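Each of the next two complexes has chain A plus one other chain: chain B in the first, chain C in the second.
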Partner chain A sequence: MSDPVTTQTGTPSGKGRRLKFHILRFNPQLPGDTPRMQTFEVEEQSGMTIFIALNEIRERQDPSLQFDFVCRAGICGSCGMVINGRPDLACRTLTAKFTDGEITLLPLPAFELIGDLSVNTGKFMREMSERIESWIHGEGSKECNYNILEERMDPDLAEAIYELDRCIECGCCISACGTKRMREDFLGAVGFMHVARFRLDTRDNRTDDDWYEIIGDDDGVFGCMSLMGCEDTCPKDLPHQTQIAFLRRKMVMVK
Partner chain B sequence: MKELLKDEVRKSRMPARLDLLQSLSGLVLGVFMWIHLVLVSSILLGKGAMNGLSRFMELSFLKEGPGGYPFVPFIIAFGVFLIFILHAGLAMRKFPSTWRQNRIFRSHMKMMHHSDTNLWYVQVVTGFIMFFLGSVHLYVIMTNPGTIGPYASADRFVTDWMAPLFLILLFAVELHAAVGMYRLAIKWGILDGEDPLVARKKFKKVKNITSVFFLTLGILSWIVYVTIGVHHRDHAGERYISSVPASYSFVMRG
Partner chain C sequence: MKVVYTDSLVIGAGLAGLRVAVASKMRGLDTLILSLIPAKRSHSAAAQGGMQASLGAAVKGEGDNEDVHFADTIKGSDWGCDQAVARMFTHVAPKAVRELAAWGVPWSRVRGGDHEVVINAQRVTIHEKEEAHGLIMARDFGGTKKWRTCYTSDGVGHTMLYAMDNKAIELDIPIHERMEAVALIHEGDRCNGAIVRNLVTGELVAYVAKATTIATGGYGRMYGVTTNAVIVEGMGAAITLETGKAPLGNMEAVQFHPTAIVPAGILMTEGCRGDGGVLRDVDGYRFMPDYEPEKKELASRDVVSRRMTEHMRKGKGVPSPYGDHLWLDITILGKEHIEKNLREVTEICRSFLGIDPVTDYIPVRPTQHYSMGGVCTNYTGESIGLRGLFAVGEAACWDLHGFNRLGGNSVAETVVSGMIVGEYVADYCEKSDVEISTHVIADIMNRERARIDELVARPSGENVYEIRSAMQKILMEKVGIFRTGDKLQEAFDELKELLRRSKNIGLHNRIRSSNPELVDALRVQRMLKLAITVTKGALLRTESRGAHTREDYPERNDRDWLKRTLAYWRNETDEEPEIDYQPLDIKKMELPPGFRGYGTDNTIHHPDTAARVEEIKKIKESMPNADRYEIQNALMPFELPAKYKEKNERIGVGTK
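Our next item is the complex of A and B:
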């Protein structure tokens, strides 16, 4: 979660600060390559984000630097990385936030490393989606008749579902979770958010008994140790704390 | 065999029960520890106050003459010991179980600088300390149930060399209890109210205040017990005799 920025980026002479980027470099595809930190210097521009600075480095200094991006607007969730110790989106993090001008970038832990700052969140998210079957389980899913209008939904409910559906699957919650880091099979906050979303959806016929089969163990909601890394790093400010507590209360009531 | 097959077709409800039991046992122990420390700190009001309270806890008001029923503190200590073992067993499931897990968590803490993550490790360490020191304390109380009093307890501090153990135990218990209560509130979310973010800040504030309050109370009481114990060293074993007769006896006097 980015804090509001108040720091001036330029100096009185109009020239920006010299930012130092310490970036983890490692390409697991290259035989014999070992992880190392490499430092790059970039002149800060007004309104510069980590993403802009990384592009600058790749264009002007090292074209081999690997990192992911698509939307540049905090929507696609591709540019998640560890910025000075905290998982966040590179495109939403202003360099002005770092008063000393020293920025350390690491790839998101808990995901398969592709190279440098690029990780395979897609593989993880697909497995997570399959595990919790994150699609509508309704009667209509068997026989789909496109000529019948979908049943109307209460706007408040639609709003509540939308609130939880804002997850962009960036993986920040996973990397920030100490439980997930220790226990690979733990579902993680992104999974719980999806469960909470589908549980809310009246078109999904799954009952709490069905949900218990998916998250009712120590790899699921009872494994969460409430470390709140997810809540404190989610770039979309999703209500992880509330939803995990809610699921825990519901699952503990299942007979 | 039937049970085994049942678990194959339907997920066991045991993880849910264990999770709830861990929280409930933690809640009971946390509340007990706070009450316990308040009672222990009665020494700050004087030897007479501590003695009166100790005899009251032994239900001396039901008995004519000095002293009460020492089996009462025994029953309390034994009950707490059972809940303590239950809670330790349940909480142990969450500990890092291998060196690799421990190393990953430590490096995660170092990377994140995140207070709630760090606080969990504080709970692991303090919980581990309590396995040993808490057991010793409870065993001593269970085997000497009639020896709670201003001089007897102070002798335990100094003559019986329990003062260092109690000091470490004080920090371990109070930190563990305050963090545990905070985490309970977050974990179940039943006190969140309208705004869970505001509620969390409040919980943290309460956690910090309770930690400071009970640690201060505990340290002051520890100092007083040690001081009494040092002065009473030459008379170790002698009990405090109240100069004020008990006036709250419910026993009918002939």
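Our next item is the complex of A and C:
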């Protein structure tokens, strides 16, 4: 008999729906290329995700199609794109969700476009990290004696930090942010979430005065118009609204 | 010709590469990292369950230390690893966890008092010591004697990677993203950097360095169904192989993880079983205790994967449109535990399967997961074939894992080997100069440019994706969990034919700049060389050891096969690698080969084993007053960078 572990690459039989993908095409590397929409048809399979569908398009219809996936498990944050008007992770979006079978895909706005659905979130996130200095500021981090028992931490605090540390920097919050459209240098929810995370961390010795220097202006937490696109689109369901409100209250109390 | 110079060049920005770069930069060296993607998106982020380090703070970790971790690792490897390296690793692992704690990882902490946990499908109460409250907690994992796996919920890779990349940003280490190393620059027996292709513009750039470190991860994507991220295609190993001088080690050692979801192949962490989850068959029956009465679901990964496959072969699998599978049942753990400690698992089940693991069984099947093989190095992480070339993490065959890696030892290896090898890389940089003439660089760059030119110029030819999926299918079907000589021979012949065909790939999209098809074409030619290397190693190795299981040779054969496979691809026109072997010397082992404790012991022993067992007994008897460190040192001395030599403190025992 065939080995059950190795006969698994096939797809179930039976014809699925014909899905229509309307995808923005533009390759800035090609002189003279202009942005346009292109439609591809794909036969749906059970459990199909946009990851599977896009790869099928690339492998069978148009190998020039650019998009980014890495983990394809909703963990790494590479595949943010605008899916029927909403920023989300393409890898874990099931095509079954779209009842009319029409799926429009656009690259995340607010990031530099690399080509088609691929954007440069890496450059943005590195600059964001440098701006808020997203690392532990403290003697312990500079001179760590790793031979002795580690500094103790309250188990509840560790869990609370992890809750805020779950951001995967996918960029959905930035793309969904009204303020970001109006203020180019607006830090955005991803930055605030990291600030909230380090502010909570007792290993980091920065004070609210220090944080005020980083987020205490209109490009920081006071610029937020509270439209809460970040809260609505965050694939990790992070508490953006609560944290932004909390940071704003803390920053108001400074000086 | 564009040339970038740095002291320490690191290829790959996952945990291992970042930690080497941090070490180089802290030693004052000019350091630069190349990465296909933003560092925080590296596959390290996908590590879920945790990192092994013998901190011994949890009550179920009491009595743990380097010795116990060492013995678990050696048994896990089926005696195929380098024991001195395992000693270096187990000694530095606690330091790595503590360093990461200082750098920001929110490790889950011990909560003093009574807790209800699930052990062997029973709810029991355990008491965590009040005096350990707030220290780093650990959970149970497969193949370990103690609860040793440090964790942050089931997102440990994510929190470690973020802390490590943030450290790199703090140190102002440049990471050149969307850059792919396509060849190593080398002359004589020395590596001097890499030729790198910009994936956006298509430009080729030479990065010249004193030391070059490969940290590109494994080669799981050669298999059709794998837990690995899509970028895990073995390119660091492949460009090393293509030097013709630096060998790859143990490439046939490929691990299948017992529990990936069907059909997507996404990992369900071993923490599911470590925390008390069980495996069930089509009848809802818990079958693992029948096969492995002692360790049950927490036997070593290779063992559980084989037992699951065996059980499905008996017709006990659950039929599905995507082939048979089994069930992972974590419902007994309860909603609160699952949603707190198995969050990613919960999200993945809900998003990809539309099920809730609190109430539903999870469909799982053994799936390709880890590459034990890689760039063969000595204990310093330096290639045994080219000076100045180092490798770390999954890309390397350092060789910590032998023929089967323990769960929780890979994410641990990334940072621990990064710490250790990082120091040796810095030592190397401090004592060497770059000596390379520009014409050597130009020759290698021109060779790579010619490969691209040829692909772009060819008006028609083979389809890259057909070749890739044919390769993936061959490896799944014929070089998988259970292997036989005839199937391996078929795979070997078929892969060689594919390699020939791959030389005639025709692109549909014939541009030189951002072009995913061109990238895939260049990679598939290299992946085929790796696939042939894996298959040839597996075909020649007529024994079963760890994850390499030959149904036609079921015995572990120490007499003939206690040796590391080395593969050299001597010439570009060759169709298979030259295979050589490096013996493992029993006379120097601290833990001579023995029985792992699974199934029946059918080992064919090596004549040196009995003598070494006797010798160890005598050494121990001759040192009645010695402590464990002195005995260990008498049995098998090992090297470490000076800064990592100190003993590790543990609660209750100090450094004893």
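In this text, the second predicted complex is superposed on the first by the 237 of 255 C-alpha atoms of A that agree within 3 Å, B and C clash if a C-alpha of one lies under 4 Å from a C-alpha of the other, contacts with A are read in each partner's own complex, and residues count from 1 in each chain.
Please note the rule applied: contacts are C-beta pairs under 8 Å (C-beta built on N, C-alpha and C of every residue); 3 or more make two chains touch, one makes a residue touch a chain.
Note that the structure is predicted; figures quoted are calculated from it, not measured.
If you count the residues of chain A touched by chain B and by chain C, you find the higher number for C. With both structures placed on the common chain, the touch criterion links A:Gly115 to chain C but leaves chain B unconnected.
Of the two partner chains placed by superposition, A:Gln38 touches none, neither chain B nor chain C.
Of the two partner chains placed around the shared chain by superposition, chain B is the only one that A:Ala245 touches, whereas chain C remains out of contact. Touch criterion met: A:Ser134 reaches chain C, while chain B stays clear of it. Of the two partner chains placed by superposition, only chain C is touched by A:Ala158; chain B is not. Residue contacts after overlaying the shared chain place A:Arg181 against chain B, while chain C stays out of touching range.
Taken together, the two complexes place no residue of chain A in contact with both chain B and chain C.
Contacts from chain A toward chain B in the complex involve residues 82, 85-86, 106, 109, 176, 178, 181-183, 212-213, 216-218, 220, 222, 224-229, 232, 239, 241-242, 245-246, 248-249, 251-252, 254-255. Note for the complex: chain C touches chain A at residues 37-43, 45-46, 55, 94-99, 101-104, 106-111, 133-137, 152-153, 155, 158-159, 162, 166-167, 169-170, 175, 177-178, 200-202, 224-225, 229-231, 256, 262-264, 266-267, 308-309, 312-313, 317, 321-325, 340, 343-344, 347-348, 351-354, 365-366, 464-465, 472-473, 476-477, 480-482, 507-509, 511, 513-517, 520, 646-651.
Chain contact summary for the complex, chain B toward chain A: residues 10-13, 15-16, 18-20, 93-94, 96, 101, 104-105, 108-109, 111-114, 116-117, 120, 183, 186-190, 192, 196, 200. Put simply, chain A touches chain C in their complex at residues 1, 3-13, 27, 29-30, 46-47, 49, 58-60, 62-66, 68-78, 92, 94, 114-115, 118, 121-123, 125-126, 129-130, 133-136, 140-141, 144, 146-155, 158-159, 161-162, 165-166, 168-169, 198, 201, 203-204.
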